[in-house]
Every structure is written in structure tokens, then in C-alpha cells.
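Think of it as A, B, C and D in the order they're written, each chain with its own count starting at 1.
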Amino acid sequence: MNEETHMIWPDGKKCAVMVTFDFDAESMWSSEDTTNLRKPSMLSQGGYGPRRGLGKALEILRDYEAPASFYVPGTTAENHPYAIEAILKDGHEIGHHGHDHLWINPDNPEEEIREMDRGLEALKACGVVPTGYRAPAATSSDMTLDLVKQRGFLYNSGFLDDVYPYRHTLKDGSKGPIELPFHWNLDDSAITYFDFNTQAAILTNDHIFQVWKDEFDVLRDWSGLVNITLHPQLIGRPSRTLLFRRFMEYMRSFDDAWFATGTQVAQAYEAFEANT
Amino acid sequence: MNEETHMIWPDGKKCAVMVTFDFDAESMWSSEDTTNLRKPSMLSQGGYGPRRGLGKALEILRDYEAPASFYVPGTTAENHPYAIEAILKDGHEIGHHGHDHLWINPDNPEEEIREMDRGLEALKACGVVPTGYRAPAATSSDMTLDLVKQRGFLYNSGFLDDVYPYRHTLKDGSKGPIELPFHWNLDDSAITYFDFNTQAAILTNDHIFQVWKDEFDVLRDWSGLVNITLHPQLIGRPSRTLLFRRFMEYMRSFDDAWFATGTQVAQAYEAFEANT
Amino acid sequence: MNEETHMIWPDGKKCAVMVTFDFDAESMWSSEDTTNLRKPSMLSQGGYGPRRGLGKALEILRDYEAPASFYVPGTTAENHPYAIEAILKDGHEIGHHGHDHLWINPDNPEEEIREMDRGLEALKACGVVPTGYRAPAATSSDMTLDLVKQRGFLYNSGFLDDVYPYRHTLKDGSKGPIELPFHWNLDDSAITYFDFNTQAAILTNDHIFQVWKDEFDVLRDWSGLVNITLHPQLIGRPSRTLLFRRFMEYMRSFDDAWFATGTQVAQAYEAFEANT
Amino acid sequence: MNEETHMIWPDGKKCAVMVTFDFDAESMWSSEDTTNLRKPSMLSQGGYGPRRGLGKALEILRDYEAPASFYVPGTTAENHPYAIEAILKDGHEIGHHGHDHLWINPDNPEEEIREMDRGLEALKACGVVPTGYRAPAATSSDMTLDLVKQRGFLYNSGFLDDVYPYRHTLKDGSKGPIELPFHWNLDDSAITYFDFNTQAAILTNDHIFQVWKDEFDVLRDWSGLVNITLHPQLIGRPSRTLLFRRFMEYMRSFDDAWFATGTQVAQAYEAFEANT
């Protein structure tokens, strides 16, 4: 148990809310099965993200005046540069999310490094130097945190073991990146992803709102980090925009919830850390 | 993002509703596992379609005066000719849906062509020259759209990347068929299909209605295309006819929803395209 | 479509209700994975049937004065003879359900015949000559219906293509057994079966009642056969007995629903058939 | 059917409630796939248990003055000794749950014995001599009950064939350990476990409460054993603590429900057995 002092939020806020997007686009469907690269209708599920979903998501963010963090694979940046421009124009953060969205495989360190560096290059080409890293599908290897530190990231967001930011300790005992933990209970891919070949149940907006509301309520009660993970291709679907609006409306009704980007939360943790 | 001008519906209608059926019959159960051809009770799940489900579906369409589009595999047309007659007698559209309902495999172009041409022959034998193509299970290869154009189809319906009709651009830069996109959120096979070997959760009519209602409401709000995909063997089951009636009743309560066949929607897009 | 005259129920009843049980006991868990024969706690899931579930089910049947049909694998009869006695004492029908509950495999006709004949012997040892056959898990081969006829069964219950009884026509054109069709929408194993290794969603009684109620309501409206398939090890679990009672209470509130065994329904069909 | 006299609870109580925890921590994710040992973010799902979930669970147990039984794999005891101290400090029972949480495999008896003995050693190092054994994931072999007896356990908790405690009879006819049966319907891993690779539906607290409430109500009505199986890493998630509190509140509203540890229930069974 980790009952020791935990993160105190700035300005007397009770909790922090990070609205984040993994902007996988087509790579969600091809990264683990490259056969799909030759199945254009299969890929079109991801194409909905840049084509329609992103615009709808940005509109809702504007309506609720919420800053967001977009974790963008290199391929998305390369194939949909106008989408990156739109995100940046609205003042949101862009973070690293691999290049081909390949899931990290502990048996393939070369691939992990290549994904990291090609992703950095693709973002650099858009004028972005990311401060946050989120691995595809919350994957990792024993090397990941070292690599995240070596590449100079301020924070990582992919562990599920806490409800407060914390700093990783690396295997050599040195200070690692700050962790901004998340959980599937606040992830739209865990609850709305549908693949015809595996047939997950399609749930109602009411159902999903209840799951998310309960998670938010308790995280707020615990003064925790509400780290919401969305995908433009999922939450931007017609019916799901109702869910996104309803959840934003609900969270925005709490004045003591601090809406912040990943970088802002990590910086607040740094400041807190310096004072304790 | 594709915020440019999109489809405007005829006669000042706010949205278009395509009620479509994939009339797979037995082929739903045998196309991906030919062992099932020797399992008559397994196949009988599909046999319910022509034997009972279709009649129930046609009755509901009549009650709500709704035109529909039936995408019919060649085998269904060959094995259940009276069913095709019943569909045509009620004035509905018949489109192409493969021959054996084989899922398109990018590694087997010969099979894709054979499915296309045998399906065309089977429909021709019923006096039908289809103007619309929908691939089984929303599958496709890099060749599919070229083939759809070569065989003279007006439209394709199998991509999931938009909520408005659009025209495909082929790899050689030429104009391809019009796309009438759909999504699993309005597909009865995504939410009611049950295979004893995989055990998807059987959901209530209330649950499914809520999913479909939210999708319809927002598509209408966006002036989109409501492309509903049903199957006589699924929506024609006793309890599911209640769901179908309820959803038709709901959609029919909006005077600004234009109920049309795929061909009618595609023609409206052609007219719109000519004027923009 | 099969819009011709269909079954008319005796005594002016509007529909028929068959409450049936597949009394698999341990064989539900071992038939498709014999490794489980050496995993006693795995098998104990099935052992709940004869140990507790059956008694609870029989009590509910008595409370609602409902005749039932139990399809019993040979192994259940051999290992739990007192259970067979209890079923017979309450006047219920016992039908055939294989011997080891092996799923029929079209590539293994010897096994299918062996299952059939060993099952018959096991029931004979209990003094039962079954008139109804239901294959495990609704499986079948091209041979099954011939075998069911050869072994002298009056009826088969395992096809899913209709909501009325009908008579099979065999491949040689001769009359086959009467079919009493069923569907997963009224099967407790489709909606309450739980295997820790596959993790189906555990649904609420309210949810399942709504699914079953809608199916019953429409089948009654269509004057169909309500063929309910239950398992003592599933519906006899504590919470599920509430569901079973509630559903029986609901169906019993309709005086025009004829509760009958499979044999009684099949005999009524024979009489109907003779008069049309 | 086992309609004979069954367990009568002490002090005129109507039912017994065992609140139990399988405290797997990281081993839940590595036991069946050791590749995960090199995927720290994957393991972090289990790490939430000792880091946060356990403290939340212990707090709720204190609030409802409920004794609990924690079944602890050896690795958890070795890696998180402070967690064991916290459990013991609150007066709860600690039982055996393997060492690496390896699922019992009937084809690997050496491993089963090693898991048993290494688990005993790890608990012994914490000053614990367990009286109860619960196998990981309710697995077992033909050898398991003999081994449980040989190692001197009073009770086993892993069979699913009854709602009352009973005594096992071993293969040689001798008396085996007392069984405290459970069922998935009251297990948080059956209804809240989420693995991104398999995508079970995330259900609402209301849904789960209804499932658990119905099971409790009928078990109480039958004077049965309410054997609830929880996991700190699952029930200790923010939203799920609401569910745990609500269910405890509900059960505690019945004065005739006897809250007891596994050992207390087994001892009550021994006393009952001696008097019948």
C-alpha cells in the first residue's frame, strides 16, 4: 500500500482531468495484421478518424474549452498532415505514439527503437518535439522506460498501477520519467471498439456513461488523475459524440476539476515533487 | 477533416434512410467454414431467412411503406428463387453480394473475380441487373473497387469512413463508383448474431434500440446517410421483429427523413455531384 | 417463404410451450475436451446439476404444474440414476441426448452411431424408450436425420429454421421425423453459460427475462412453438431460479398457452398432419 | 439430488458470508504467459493490487466490520511483505493460493507439488500456517485433494457443485478436506476482469450489483454459503469500490447473515458434522 503523501493539485483543485486521444487512424487496423494494408474497407474504419471523427472531437473540445493531448503515430502525421495542423491550431498537445503503431515486443528491441525514432522524426517534420510518450496499446518491454528517458521525454503514460502521477525509478536506480497512469475503465477502445471478426458487444451510451461517471466520481473523491483515453475514429462516430458531450458536460460541472494536458500535469507533478 | 460541402438531400430532406438487407441465407454459415455444408442443423440457422424471416421483414416494410435494398448472394438466388420473386414483387432493389458469400481475400484474386461473375450470372437468371455491389462482411482487396467499376456498378456499399455518400477515386486517378458508407453501429449482425461456438452476449431489444436510435438521431442531425444493414435470418426472428418495427416507427416519425433504395441515393448523389 | 397453412394447436390453444432440459451434467465440460475428465473442480460445474440444480428445477415445474422434457446423455443416466428416477417420478418425458455428449462430427460417422446406440442402451437400462432425439449442442451431420428415423424416433429437436413443427423430408425423398425447432434466444446455455477461460458477460435476470419475454410474446402472437431449452446446472443456480420462476409465472398467465412435452407436441402435429 | 440434511449455521444464523480475496498481484498476468514478466505495463495491472487496491479493500472491510480470507500466492507474499502485514494487522485470514499462481495441470504433477510447497514456505516466512487452500483459477487435478489433505489443510475452496459446505471423500474412500464451494456468479474476476487482448464487456456497477444481489438473496433463502471471491486489483479500482461498498451495505442489512472467515466456516461445519 502506498498510503504516503500523494500528489496535491495546483490552485486547490480537487482532481486533474486529462482528455487524451490516441490518434491511430488506419494504423489501428494494420499494426498487428499487415494483411489489412491490402484491405481498404477494413482500413476505412480507421480512416473515419482523420476524415470525420477528429473534426467532431475538436468541436466538442472547443465547446467545453478543454485542452487535450493527442498521441499521434508517425504514420498518421505523415498521411494526414492537415489533421496535425488542425490539432495544433486549437492549441492541443501532441505526444508520441510510435510510428506504425506497432505493439512493443520484448523480443524485438530493434523494432522498438525504430518505432521510437521514426515516430520522433515524423512529428519533428510537423514542427513538434513531444514531451510525452504513450506506447501503442499500453505495451512495453523492460527497455521502454530507459528509452523514454534517453529520448528526453518528460513523462510516460501507459502504466495502470496507480491513480496519481508518480516518478519511475529505472533498473539502475536512477530517476526515470514521470508516469501519468491510466486505466481501461476510462478508455473508449476498451468499451466501444468493434471488430466484426471478434464481435464485442456494442454497448449503449447510457451504459458507458455510467461506467465512466462512477470512475470519475471516485477518482475525484480520491483527488486522483482522471486520464481519459479516446480515439477520434471511435468517439467521433455519430452516436458516440453524444456520449463524449454528456461526459464532458458532467465533468465540467465540477469547478474543482482541473482540465490539463499531459505536459501540464507532469509539470505540476515536478513542482509538487520539488516541494516534498 | 472533410469539412467541405457535403451531400445535400433532394426535396429539402434532412437525411436519407437506406433500409438494406444482406440476404445470405445458408451461405452466412458455410462461406467461411465449408464443413458446415455437411451440418444441416447449423445451416438451418440461415434457412430461417428464406423460410420465415424474409416474409416477416417484407411485411414490416409494407406496413411502413419503405423501399429496401436486398444484397443477394448468387446461391441464395439459385436455391430460393421464390424469395427473389417476393422481393421483386414488392418493388425492392436487388444488389450483388457475391456468389457463395466468400469473404474477399487479397491473396486470392481469381476467387474474387469468380465470386463477382458467378453472382452476376445468378442474378441475371432472375432477371436482375444489379446497380449496387456490397461485398460479404465488408471485405475488400486492392482490386475490389476497380472490379466494381469494370462490371458497371453505379455504387459500392462497404466502406466505413464517412457518413455521407462520396465518389471513390481509383488508384489510376480515375473516377470510381459512388460509395454509400455504412457502419456496424447500424448492422443487426454486429449486435444480434449468435454462434454457439463463440457465444456473443444476447442483448435486449431495448438495448439495441438505444444504440440504433442514438446513431440515427445524430446522423439526422448531421444530415447524413442512415445506412441500416439487416439480415432476414436475424431481424426476422420473433423477438427481433419487435425491434425492427419499433425502429421503423421511430424513424418514420420524422417527416424529413428520406427513405430510399441504394440506387436512389446514388442517383441523388450523381445529381448533387453534377451541380457542385 | 413458407406462408402456407401451419400447425394449429389442440383445443383452440394459441401456442405451445415445451419446457425442455438438456441434462448434460459433467459431460457438458468433458465432451469437447477430455482433459477435463482429470480436472474434478472443472467437472464440478456440471456436477451441480444432479447434486442441486435438478431438484430446484423439478420443484419449480411442480409449482407451475408444467410437464417437461429432459434430454439425457447416457453418461448422466449411468452416473446419476437417482436423478432419472426423480424425473420419471414427476411424470416428465426423457429423451435421447447422446452418450458422452459428443458433438456430432460429419467426419466421424462411426462415433455418431456409437453415441446414438450407447445412449439408447443407457436409457433402456433406466426403463426408458425415448421417442425424441436432441443432438448435443444442436450439432448434426448429413446422416443424422436418417439415423433418427432408423432408430424409430417420433421427433427430432435441433433445427433452427422455423417456429412451427414440421416433418423432415429425407434425402431419398421419404418422410423423416417430425422436427420441433428451437432457437438460442430461448436457451439458457446461450445466455448464462460461463467458462472462466472464455469469459462471457454474466447478464442480469432482468436482461434475460426481457430477451425471453419478447421471444415468447411474438411466438405466441404467431401461434408458434415456444421451445425453451434449459440445463439443471445453469437454470438451477441460486439466482437463476428466480429467472426461471419469473418466466414460468409470466407464461402461465396466458391461459391460451398449451404446456406440453415434446412427445405431446409431436403427436399433435401428427394429428394435424393427418387432417390436412 | 442432495436433499438430505444440510449444514445448519451457528447461533441461529440463516446463512454464512465469506468475503474472500485472491491476492494475485502481478502473478495474475504472468502465470499463464511468462512473456508478460518482461512487459512491465502489462504487469502493472496486477501491481495496482498491492499499491492501491488492497488499502481500499481493507478500509471497506473495516467500515463494515467484516472478517475476510485472503488467498495469497507465494510471490505476492515475497514481493509485497508489507501488504501481508497489513492484512494480518487487521485480523484477516491468510490462505494458500499457489506460489507463482500457476494453473494446476493434470499432466504436470511435479509442478503442482512444487507450487504447493513453495507457496507454503513463502507464507511460513510471513509467520503464516494456512488452514485453507484455494487453487489458482479454480483449477485442479486428480491429485489435488489428496495433496491438500497430506499438507494438513482443514479446508479447500475451489469446487462449484454445491451451495453448502461438504466434506470430500478421497479416491481411497477416506475422508478428505472440507469443501467451501464457490461460483463465478459471485466472483469479481468473472465479471470485471478486462484484458485488452480479449476485450470482455465492461459492465456497470448497477448491472453487477443486480447479479450479486440475486445470488445472495437466493443463497440466503436456501440457508447457503455466500462465498464471494474478490481481487484487490479489480474490486479496488476507483469505480468498483462503490460496488463493493454497496454490496457490503446490502448484505450487512441482514442481521441473520453470519460473516465469517473460511476457517470459521469450516470449523462450524466440523462441529455440525460431529453432531449429525
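Following the convention adopted for this analysis, a contact is a pair of C-beta atoms (placed from the backbone, for glycine too) under 8 Å apart; a residue touches a chain by one contact, two chains touch by 3 or more.
Here the structure is a predicted model, which is why all the values come from computation and not from measurement.
**Q** If you take the mean of the Cα atoms for each chain, which one ends up farthest from subunit C?
**A** Following the centroid criterion, the farthest chain would be A.
**Q** I'd like the angle of the rotation relating subunit A and subunit D after CA superposition, in degrees, nearest 5.
**A** About 90 degrees of rotation relates the two copies.
**Q** Take the average of all CA coordinates in subunit C, do the same for subunit D, and state the distance between these two points in whole angstrom.
**A** Chain centroid spacing, subunit C to subunit D, equals 35 Å.
**Q** Between subunit A and subunit C, what is the gap in Å from one C-alpha centre to the other?
**A** Taking the mean C-alpha position of each chain, the two centres sit 49 Å apart.
**Q** I need the residues of subunit D touching at least two other chains; which ones are they?
**A** Correct list: 201, 203.
**Q** Could you tell me which shape the graph of touching chains takes: line, ring, star, complete or other?
**A** Shape = ring; chains linked end to end, path closes on itself.
**Q** What chain pairs are in touch here?
**A** Chains touch in the following pairs: A-B, A-D, B-C, C-D.
**Q** Residue numbers of subunit C touching subunit B in their complex, please.
**A** 1-3, 104, 106-107, 135, 137-142, 144-145, 158-163, 181, 183-185, 189-191, 193, 198, 200-201, 203, 207, 210-211, 214-215, 217-219, 222, 224
**Q** In the complex of these two chains, what residues of subunit A are touching subunit B?
**A** Of all residues in subunit A, those touching subunit B are 35, 38-42, 44-45, 47-48, 50-52, 54-55, 82-83, 86, 194, 196, 199, 201-206, 237-239, 241-242.
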